[in-house]
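Structures incoming, each one as structure tokens.
Presented sequentially are two complexes of chain A, the first with chain B as partner and the second with chain C.
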Partner chain A sequence: MAASEQYKQLLEEHISLINKGACETMNIARGEAIKAFLKYGIPSQKEELFRHIDIEKIYSPDYGINLARVSQSTTNDVYRCSVPGLKTQTLYVVGDTPQIGEGQEGVEIMNMTQFTNRYPQLAQKYYNRLAETSTDGTVALNTALAQDATVVYIPDGATMKTPLQIVNILNSSTPVMVNRRLLIVAGKNSSATILTCEHNLSESATLATQVTEIYAGENSQIEYYEIEETSSTSYRVASLFAQQEANANMIIAPISLHNGQTRTNYNVTLSGKGANLNLTGLAICDNKQVADVYTNVHHSSSHCESNQLFKNIVSDEAIVSMTGKVLVDEGAVKTISQQSNKNISMSQTARIYTEPQLEIYADDVKCGHGATVGQLDESALFYLRQRGIPEAEARMMLMLAFADDILQRIKLEPLRDRLRTLIENRLRKEDIKCAGCTMCK
Partner chain B sequence: MEKDKNREKNDILDDVTTSEYKHGFVTEIETDIIPEGLDEDIIRLISQKKGEPEWLLDFRLRAFAYWKTMPMPQWAHLNIPEIDFQAISYYAAPKTKDAPKSLDEVDPEIIKTFDKLGIPLEERMHLAGVAVDAVMDSVSVRTTYREKLAELGVIFCSFNEAVKEYPDLVKKYLGSVVGYRDNFYAALNSAVFSDGSFVYIPKGVRCPMELSTYFRINAGGTGQFERTLIVADDESYVSYLEGCTAPMRDENQLHAAIVEIVVNDRAEVKYSTVQNWYPGDKEGKGGVYNFVTKRGICRESAKLSWTQVETGSAITWKYPSCILAGDNSIGEFYSVAVTNNYQQADTGTKMIHMGKNTRSTIVSKGISAGKSQNSYRGLVRVAPNADGARNYTQCDSLLLSAECGAHTFPYVDVKNKSAVVEHEATTSKINEEQIFYCNQRGIPTEEAVALIVNGYAKEVMNKLPMEFAVEAQKLLQVSLEGSVG
Partner chain C sequence: MLQVKELRANIGDKEILKGVNLTVKPGEVHAIMGPNGSGKSTLSSVLAGNPVFTVTGGEVTFCGKDLLSLTPEDRSHEGLFLSFQYPVEIPGVSMVNFMRAAVNEQRKYRGEEPLSATDFLRIMREKREIVELDNKLASRSVNEGFSGGEKKRNEIFQMAMLQPKLSILDETDSGLDIDALRVVAGGVNKLKTDKNATIVITHYQRLLDYIAPDFVHVLYKGRIVKSGGPELALELEEKGYDWIKKELGE
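Showing the complex of A and B:
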């Protein structure tokens, strides 16, 4: 309760300052969001969907927020995040300010003010339209506090030739909170590949919240990857909302290599006939890390297919939780939906919670889910050791094989290779900083 | 002649005008019905009428005091109409007086179902609530059973009898598995429970026959708040059957039962249920609300196996659970839940692994037809000390109509690294190719569906005791009647 009060007070006292630093589109949405936040508040651990992560505790420290929009611009020399062999267009979001550079042929990358000026109707049509349906107080609070957004607009028929890499950077010596927004609007027959990298160089506790909205138009192809590589003092609460029109194809793949405490929500609605979703995630957690994932896949149209696979490797005192809901509406016939959550528990003190749920109101469907919690296969270990592979090495091989299932689903080849190395380094508890990056040195 | 005819007419008219009385208003048992409502005085009255000892009244009052502080649970995937707990009479004497005198008075719909199930005539009378004592000569059968059980030291009697004759046993185990603080309906039951069964199997005894509520003396009139307590002492075995396949008409809308089972070291209990309370009519009017708390605790190397076939009730809320407290203990749950028309079911199990090397198996088969909603809700929890715990869960749902719903809500909480927990669930429509194949061979669609459903539920049906299984199979068929085409 205390946490909710704190933010209510903040919103009351500083609303004019917040509005001053943002464009009109966001301020209009803000009004409604504040009402929603007053209604829902910060979810407590007593609520069914937040049983395994203490969101109130995450929100309760007295964070500083850059409401006055003090410039945080920086040069690309200091921050350089790259994936070897992958030519990307990089966009840095420092704190919660996107450092907008140039667009690409056919694709526009803007901040919210630019978007509102160039396409006022689109801004109104798309901003916060998916997120506003949420009953999660953290989403409303993000909308209430966010002052700028990154907007990626891919018009009808356009193709993003170079993948866009959005690098979220947080670097602060005092506790701060940043509220990021990302809006992706993909028109008919368009295609795009977007990679978000989450970095945190801060020495003190920080909270990064993010609301992402993706509109995938008819027949569009969207790949959205999310790499989390932060620190043990980082809190992150992120919600993604996506809507897929007819025959839209989407891959959403969050990979968490290192974090503090993270809650991520993925809400995807397959609203057009023949839409296809591939939602895949991997989290490697040790120490006292917490990774809590909630997915909500809503089949509201017929002939759609969704495929979810989440894997976790958990050790020490880490906690992972996966709650996945698949909802099939009445009339959404010929739905195919698969959901799977697999966990490897490496220590006595690790905690694993898995709750796959199916809610089905149509008859002609094929839906299934599975969940497993276990250890590495002893007979496979024995087989490897028989062949002269030391036990530690054999374990490593099996863990990598376990993670590889997820990597197989990543279409972007250089990224897949890069992740393979990073995962291996991570599991070997070696330095997992991306080589060659100034930021990580 | 003319006069006689007139008199006959008048008699009929009289019959019609006075008949209302026959079914309720003037009854000799009036004195044994306490007024509607629930407060401490009512509970004292219930306890007094039963001649209960002080400690049991205390237990009831404590439960009631706690119940008053609890809200009605809303978490289930059920649409429960507002229940006015003050509009229920919590104690009614056995309804011997207004029971039908012969099968002719019983609802023809029920008779039809009996025919389909192939239930013997005498049994039908008993099931339909006809006053059977004079008619049925199975009394002798029961007596034989009783003698045989007494020889082995097995106690099998009504709960009230047990309170009077074996107070130490009851006192020791009552509420030891399902405490009155457990949940809303358990608290309610603890406060007002009417009667039920008590079973005690002494050390090392293997109960030679299946115990069934049906054979128990005084089985009639256990009422809506039943309480069953089964204690299987070390190295004993018992198989217990609850309910029956025939439809049970009951005016009591609300049922809140508790079943507690204590399985001591190396003992084994097999508990089979066939539940077929009145599900309401095709429009979803009426029907029983069935809120049951069933749980057993397994000590070292003990085994508890739940098998249930749920076809009745308008609302079913039921999670037979196993607390695997002892090392090497085993819990099993096999369930078939069928919902048709407007029925709603939210059922499943909880397996709490606490001992080392504990194992549990869950097989749940849901079948939804009509406009019904059928949910599986289960929890598998592995406590930090439960090394080597193993669970396998499979829950499948079969959809027979476009308007029904099938849902799965499994919870898996693992706090031990050596645990292996697997959960698998599928939901799909009945296979049209299989129906076509049957049709081709001259089997009508309705029978084909019954055939496919029976095949689908076979894994669970096989776990039922023989005599139950045959009837249960037919029951599935009857329950789904009219759901196709």
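Showing the complex of A and C:
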């Protein structure tokens, strides 16, 4: 309750300052979002979908928020984040301000003001239309506080030739909260590859909230990767909402290498015939890290296919949780939906929660789900050791093997190779600084 | 090379090996036969150091070292190889990475430099031919989706790569058709020298038509109750195990 009160008070006192720092499109949405937030507030741990993570505690600290939009620009010399062998166009989001640079041929990368000025109708049509502000207080609060957004617009038939790498950076010596928005509008027959890297250099506790909306037009091809590489004092609450029109293909792949406490929601609606979704995630958690994932895949059209695979490797006192809902509407015949959650626990004190929720209202569908929780295969371990591979190395091989089918689903080859190395370094508890990166400590 | 004295071992509270004695010298082939449940596979697992079993008594010397005090990986480095009855499928670990790690760990143990990629691949190719193992299998995950015959050939391929002093073949013939058996046995024979030794664990005499033993032992109820030359295997094939039980007064 206390957490909610503090934000209600903040909104009441500073609404004019918030509005002043944002464009009209966002302010219109803000009005509705505030109403929703006043009604729902921050979800408590008593609520069914938030049992395994204490969201109220995450929102409780007295964070500073840059409502006055004090410039936090930075230069590429200080922050570099690169994947060897992968040429990307990099966009830095410092705090919650996108540092818009140049676009690329056929694709526009804008902040919300630019989007509203250039395409007022599109801004109206797409901003905050997928995001469910009416049911989730955290999404409502993000919408109520967000003052800028990164907008990626890929018009009909356009191809993003160079993958876009969005680097989210937080660097604060005092407790701070940032509220980010990302809007991706992909037209008919378009294609795009977007990689988001989440970094945090802050010395204090921080809360990063994000709402991402992805509209995937007919026959579009979207790959969206998220790499989380933050710190033990990083809190993150992020919700992604996506809609896929007919024959749209989408890969959504969040990989969490290091974090503090994270709650991520992936809400995807397959609304056009023949749409295909590949939702794949991996989290490696140790110490007291928490990674809580909620997926909600809604088949509202026929002949669509969704494939979910989430894997976790947990040790120490870490907690991971996956709740996966699949909803198949009455008319969504010939749906194929597969959901799988596999976990390896390396310690007695780690906790793993897994909960599939299938609601199927159509006949003639193929839907499956499965979950496993276990340790490394002892017979495989002995087999490797018998061939002379030392126990620690054999364990490492088996853990990497466990992560391998997640990597196989990452189509962007240089990223896949890079992640393989990062995952191995992470499991070896070595430095997991990305190559060429001067920002991670 | 190998001296096993009064070896006893348990799984849980159950005693499986009840005092096994066995001596193997370089250049020899020993066959260990016996009815189901007599402890044949347990003996091979215990010698390889499978942590599922607990050694409760006896001693094992291997090339002058106390085998039982070594980790499974060091037993391997010292030259002990176990061809598994049921080779484990390990999805996500490629055969190439697995073998490179195994070979280079062995080299490291001996104070040798790791093999270059070119040398390693050349050796892989040469050894694959010994058991006619398809290149496609070598590029897949360890044993994943291999047929029974392919798994056993893969075991002998690994044996060829690691060049052990002592190979224990645990029921290598099980699940093999006659052609596969010929290939596998042929591989074992090609690897045979007067410096290494082989223990063949088998239920049937059939495999011994291909891999000729110098000595045949019968393991029964956790003990070696009878030893002899190759003729003992033929006698067992003809009469079964009942006459041995009778001899033991059962």
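We adopt the following convention: the second predicted complex is superposed on the first by the 437 of 441 C-alpha atoms of A that agree within 3 Å, B and C clash if a C-alpha of one lies under 4 Å from a C-alpha of the other, contacts with A are read in each partner's own complex, and residues count from 1 in each chain.
Here is the rule we go by: contacts are C-beta pairs under 8 Å (C-beta built on N, C-alpha and C of every residue); 3 or more make two chains touch, one makes a residue touch a chain.
Remember, it's a predicted structure, so these values are computed and weren't measured experimentally.
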First (chain B), second (chain C), both or neither touched by A:48: first
Partner chain in contact with A:350 - chain B first, chain C second, else both or neither: first
Per-residue touch tally on chain A - higher for chain B or for chain C: B
First, second, both or neither for A:380, with chain B first and chain C second: second
Contacts of A:372 with chain B and chain C, given as first, second, both or neither: first
List of chain C residues in touch with chain A within their complex: 48-52, 71-73, 75-77, 81-82, 84, 87-93, 97-98, 101-102, 105-106, 109, 141-142, 158, 162
Residues of chain B touching chain A in the complex: 75, 77, 382, 384, 397, 399-429
Parts of chain A lying in touch with chain C, wherever the complex brings them together: 377-380, 382-391, 393-394, 397-398, 400-405
Of all residues in chain A, those that touch chain B in their complex: 48, 330-331, 333, 343, 345-375
